[in-house]
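As structure tokens, the structure follows; a few thoughts come after it.
Should a chain be cited, it is by its letter among A, B, C and D, assigned in written order, with residues numbered from 1 in that chain.
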Amino acid sequence: MDIGMIGLGKMGANMAQRLQRGGHRVVGYDPGEAARLGLEERGLETADSLAALVAALPAPRTLWLMVPAGAPVDATLEALRPLLQAGDVLVDGGNSNYRDSQRRAGQCREQGVHFLDCGTSGGVWGLGEGYSLMVGGDASAAERLRPAFEALAPAPDRGWGRVGPSGAGHFAKMVHNGIEYGMMQAYAEGFAIMQRKESLALDLPQVAEIWRHGSVVRSWLLDLTADALADNPALEGIAPYVPDSGEGRWTVAEAIDLDVSAPVITLALLERLRSREDDSFADKMLAALRDRFGGHGVRQG
Amino acid sequence: MDIGMIGLGKMGANMAQRLQRGGHRVVGYDPGEAARLGLEERGLETADSLAALVAALPAPRTLWLMVPAGAPVDATLEALRPLLQAGDVLVDGGNSNYRDSQRRAGQCREQGVHFLDCGTSGGVWGLGEGYSLMVGGDASAAERLRPAFEALAPAPDRGWGRVGPSGAGHFAKMVHNGIEYGMMQAYAEGFAIMQRKESLALDLPQVAEIWRHGSVVRSWLLDLTADALADNPALEGIAPYVPDSGEGRWTVAEAIDLDVSAPVITLALLERLRSREDDSFADKMLAALRDRFGGHGVRQG
Amino acid sequence: MDIGMIGLGKMGANMAQRLQRGGHRVVGYDPGEAARLGLEERGLETADSLAALVAALPAPRTLWLMVPAGAPVDATLEALRPLLQAGDVLVDGGNSNYRDSQRRAGQCREQGVHFLDCGTSGGVWGLGEGYSLMVGGDASAAERLRPAFEALAPAPDRGWGRVGPSGAGHFAKMVHNGIEYGMMQAYAEGFAIMQRKESLALDLPQVAEIWRHGSVVRSWLLDLTADALADNPALEGIAPYVPDSGEGRWTVAEAIDLDVSAPVITLALLERLRSREDDSFADKMLAALRDRFGGHGVRQG
Amino acid sequence: MDIGMIGLGKMGANMAQRLQRGGHRVVGYDPGEAARLGLEERGLETADSLAALVAALPAPRTLWLMVPAGAPVDATLEALRPLLQAGDVLVDGGNSNYRDSQRRAGQCREQGVHFLDCGTSGGVWGLGEGYSLMVGGDASAAERLRPAFEALAPAPDRGWGRVGPSGAGHFAKMVHNGIEYGMMQAYAEGFAIMQRKESLALDLPQVAEIWRHGSVVRSWLLDLTADALADNPALEGIAPYVPDSGEGRWTVAEAIDLDVSAPVITLALLERLRSREDDSFADKMLAALRDRFGGHGVRQG
């Protein structure tokens, strides 16, 4: 099928290429010329404006957004919607908040455009290994996109599916990322404990490699952990500074909103916040208080 | 090689069988006659006493313990040590505390017996898929056991290794289980959040299945999660009661002892404790206090 | 001064009475007749409509809202604003979200009405002991209300103050309640640990009473704890079920929004959510998973 | 009564002085000459050896230990016990682990010496305000010490008591400190949230002062917080580095041992550990993993 890919960053360009490999015609668009040239170098077609992109696709059109979550999605939709017509399908494959997706689906519905929210996991490895895709929205629209999903997923019959109405795809992806935070933190803590046990001089890359085979904790994240430790056993030159891109916060907020206690996902998020505090006011206050009642003194800082 | 397997429960019997399939001669011993008969029905040889077991093996002997951690290991060692001689190798493949293993290795060393602590992961699936084995102790003794490790592991060249001196194997296994607690809790929280989001009516077995392919959170535990949800999507008939068998507690204690903050592993343990409190005194006190200062009333209980 | 008190629930009626005791003329209004009668029985004046209330007060008027946070405040404001005129001062003494207060202050400002957000702590004890008041909004309006604050506070010169611009009062109160959650949970956990240590048979009411004098953990909440335990040492008849009224959630959301890691306040909130889950899906999944990989069985539920 | 005070550090010297003020004769001993001279400067009697101390007291003797927990207590006991005789009473007023106290009480009992474990709270303020004392051990021995407890406590009839058999006093003090950790962390987090809310420019010393009067969170620790913030509103020059002296760890370990989930006390401890990690391996691993799957890059460190 013919697919317009909007947003040619790391994710968008790789997905365009995987779709093409799957036998589809992909036309790419990105406001940045360098991004468009990058896609052309991979042998794919591009358009230099949204209007040109829309014009290059037969109706009913399929347009796939891979742009940063938040304002960029709304800006793109605002520019795009006047160019679309009833029956077109718009997929948001980025990490949008599911409530935004529900709102956007409503806006599109007003003009007869189908909006699918597609949670996409797989990162930079998706080009080769395929993506895991959780789709929310109208069932018939999702069915029309089946060939695209089959090409993007690891195999046509697995790793993708329509999981519910508008918002369901991004909701599932949000929770996926919350789980990801928890798992990463669990591994990180475990290896930190072993690293600190100097008397046993555990070989961390070796332990990670052993666990990859037959253990209860084997996983794809462990495969990456083993690779990372094999390349850099002491993780030298890497700052203990961990960004977060939003889905973890949303998961925590959603859990609280639903009255679900999710301490591990929550603490995994807080640990990331903590990693970025280099002069914690809370800790200074604890130090000050200990000194006040116990005369313990404080470390100068 | 010839191997005596002491303890023929679920784990011991399966490991005996996998060793035999790998071309080894295994003689099994268990104080329970039913367990011995069970092994014989699988076509393996048994001995009806520790003395008979030791007599059935050529020196230097290899004896593998798969008995419950704690007092049973010490009791078995006490009975076994007078029967052993210098050069014999004793492997503790159970979930012993690494400090106990260090102590026991010292006791064995006094009479020239080698003691290896072998952290074993794989559960009931190990018979078919192989076990992940983390070995601590004398390097030459570990090398002598190589054929056994190669047969037990998923493949001869992967999934096992000597990771350090006495205690290192059980230390690594302890941390493995701590990570396992954290991962399980992360998945459990994520699915609980989705289950509670009734407005989206997410199909949990389908989401788990999608995530198995291409997602960042794919893992063996997710495979099991998908199986469990496919069989019983609402987890009906299962009480929200989660035992723990000790390694998680040890991991938490060790982390604190090493001054490592491990909030996710720690909270995963606390959540298990919490699952078993059906009449929390702390929560009653919170309810009582709210009533005291705010006049909010309490729910009768 | 003359003050109109809107909302004559537990808090509003007590505050009206304390203001009157402080020498002020208070006219109370509540949509419920019983609430109005209750105030009259305390010897205070009431009005049977907002219009009558406004008419009963000399301009520039002082109106104090003690109505439930959220929609009730907006509904009251919508009904009240057409009755007000430039120079009037409106105080919201309830537990409103500080962002709502900032919005409402803006709405009031358009018609020249001053809006003060006044975080109020003290609960049912405030009538006798005085209230702790954190005021946000225009400094000159706050100054005009000084006599009212002096009457409500424990003493004219302490326990109240303007802490910043619109929103600052309710922000400080929100954080106050987050701290309150953490403190309550700390006490509750501590007493739960002692209660479970059966071999020492600690007398919990006695320990609480000892700590009230000279210890580092002495506090007003401990005074209440000691009272509660003296009356009911085993907390019999109290369900382990802990509601929350919103400020804790806001504190957690705000902390995350500000990139501040606040694990103790956060966990105190999650524990309350947890206290209300009687059939945790997460725990059922943990039980199911343990059984899947370890063959541990599950408890029927 | 006559009391020998062993250990003349901050706590021991102050307690000796408070006892003397209460009308008792106190003889102090410390292995350090400077500490003995310090006590003499306060006008108290000292002895220059344990033997001299014991000789200076009439039988049956009362000896009070204020030495650092752990090995120093055992060393002192080992030196002291040969000098004692049946009927003497030994009080350990330090922060000993309650299990050690139970063991030591058993050792003393063999020679007819009474051993009381006395949890002591109050810090450097105890000299003026009195100490909170939780006593464990034989009831008749505790009764014999009544005059000393009455002098040390804030008032003769409050702030002290025998709370149970040997170990109960130090157990209660251990839990007290766990609660203290949780409370301190709750305040610290709350003030950190306010400090970070720059748009409201909250005056932290003022907020703390307001809360001291009439609020639900008023406490002695808040009094100290208000003092600390009044002296140094931005906590300048204080490093965010928070030591811990053991009782928090014991509380966490005990809670887990008793199967009590105590997340707030536990996280308060972990936050202290975290404050002392300046190059967290766990955070480096999280950063490395994010880069591996998402190509997010890492910050150099």
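Just so it is clear, contacts are C-beta pairs under 8 Å (C-beta built on N, C-alpha and C of every residue); 3 or more make two chains touch, one makes a residue touch a chain.
Since this is a predicted model, take the numbers as computed values, not measurements.
Engineer: Mind listing the chains that sit against chain B and also against chain C?
Structural biologist: The shared contacts of chain B and chain C, listed by label, come to A, D.
Engineer: Farthest chain from chain C, comparing Cα centres?
Structural biologist: B
Engineer: Compute the distance, rounded to whole Å, between the mean C-alpha positions of chain A and chain D.
Structural biologist: Each chain reduced to its C-alpha mean, chain A and chain D end up 48 Å apart.
Engineer: I'd like to verify one number: the distance from the centre of chain B to the centre of chain D, where each centre is the average of its C-alpha atoms, in whole angstrom.
Structural biologist: 39
Engineer: Express in whole angstrom the distance between the two chain centres, defined as the mean CA positions of chain C and chain D.
Structural biologist: 33
Engineer: Do you know which chain A residues sit against two or more other chains?
Structural biologist: Residues 123, 185, 187, 189, 191-192, 196, 216, 221, 259-260, 262-263, 267, 270-271, 274, 280, 282, 293.
Engineer: What topology does the chain touch graph have (line, ring, star, complete, other)?
Structural biologist: It is complete, because no pair of chains fails to touch.
Engineer: Which of the residues in chain A end up touching chain B in this complex?
Structural biologist: Going by the criterion above, the answer is residues 121-123, 126, 129-134, 136, 153-155, 158-161, 163-165, 167-168, 171-172, 175-183, 185-187, 189-194, 196-197, 200-203, 206-207, 209-222, 251, 254-255, 258-260, 262-265, 267-268, 270-271.
Engineer: Could you pull out which chain C residues touch chain A in their complex?
Structural biologist: Residues 216, 249, 252-253, 256, 259-263, 266-267, 269-271, 273-274, 276-277, 280, 282, 293 of chain C touch chain A in their complex.
Engineer: Would you pull the chain A residues touching chain D in the complex into a rising list?
Structural biologist: Per the stated touch rule, the residues are 10, 123-125, 184-185, 187-189, 191-192, 195-196, 221, 224-225, 227-228, 232, 235, 237-243, 263, 267, 271-272, 274-275, 279-290, 292-296, 298-301.
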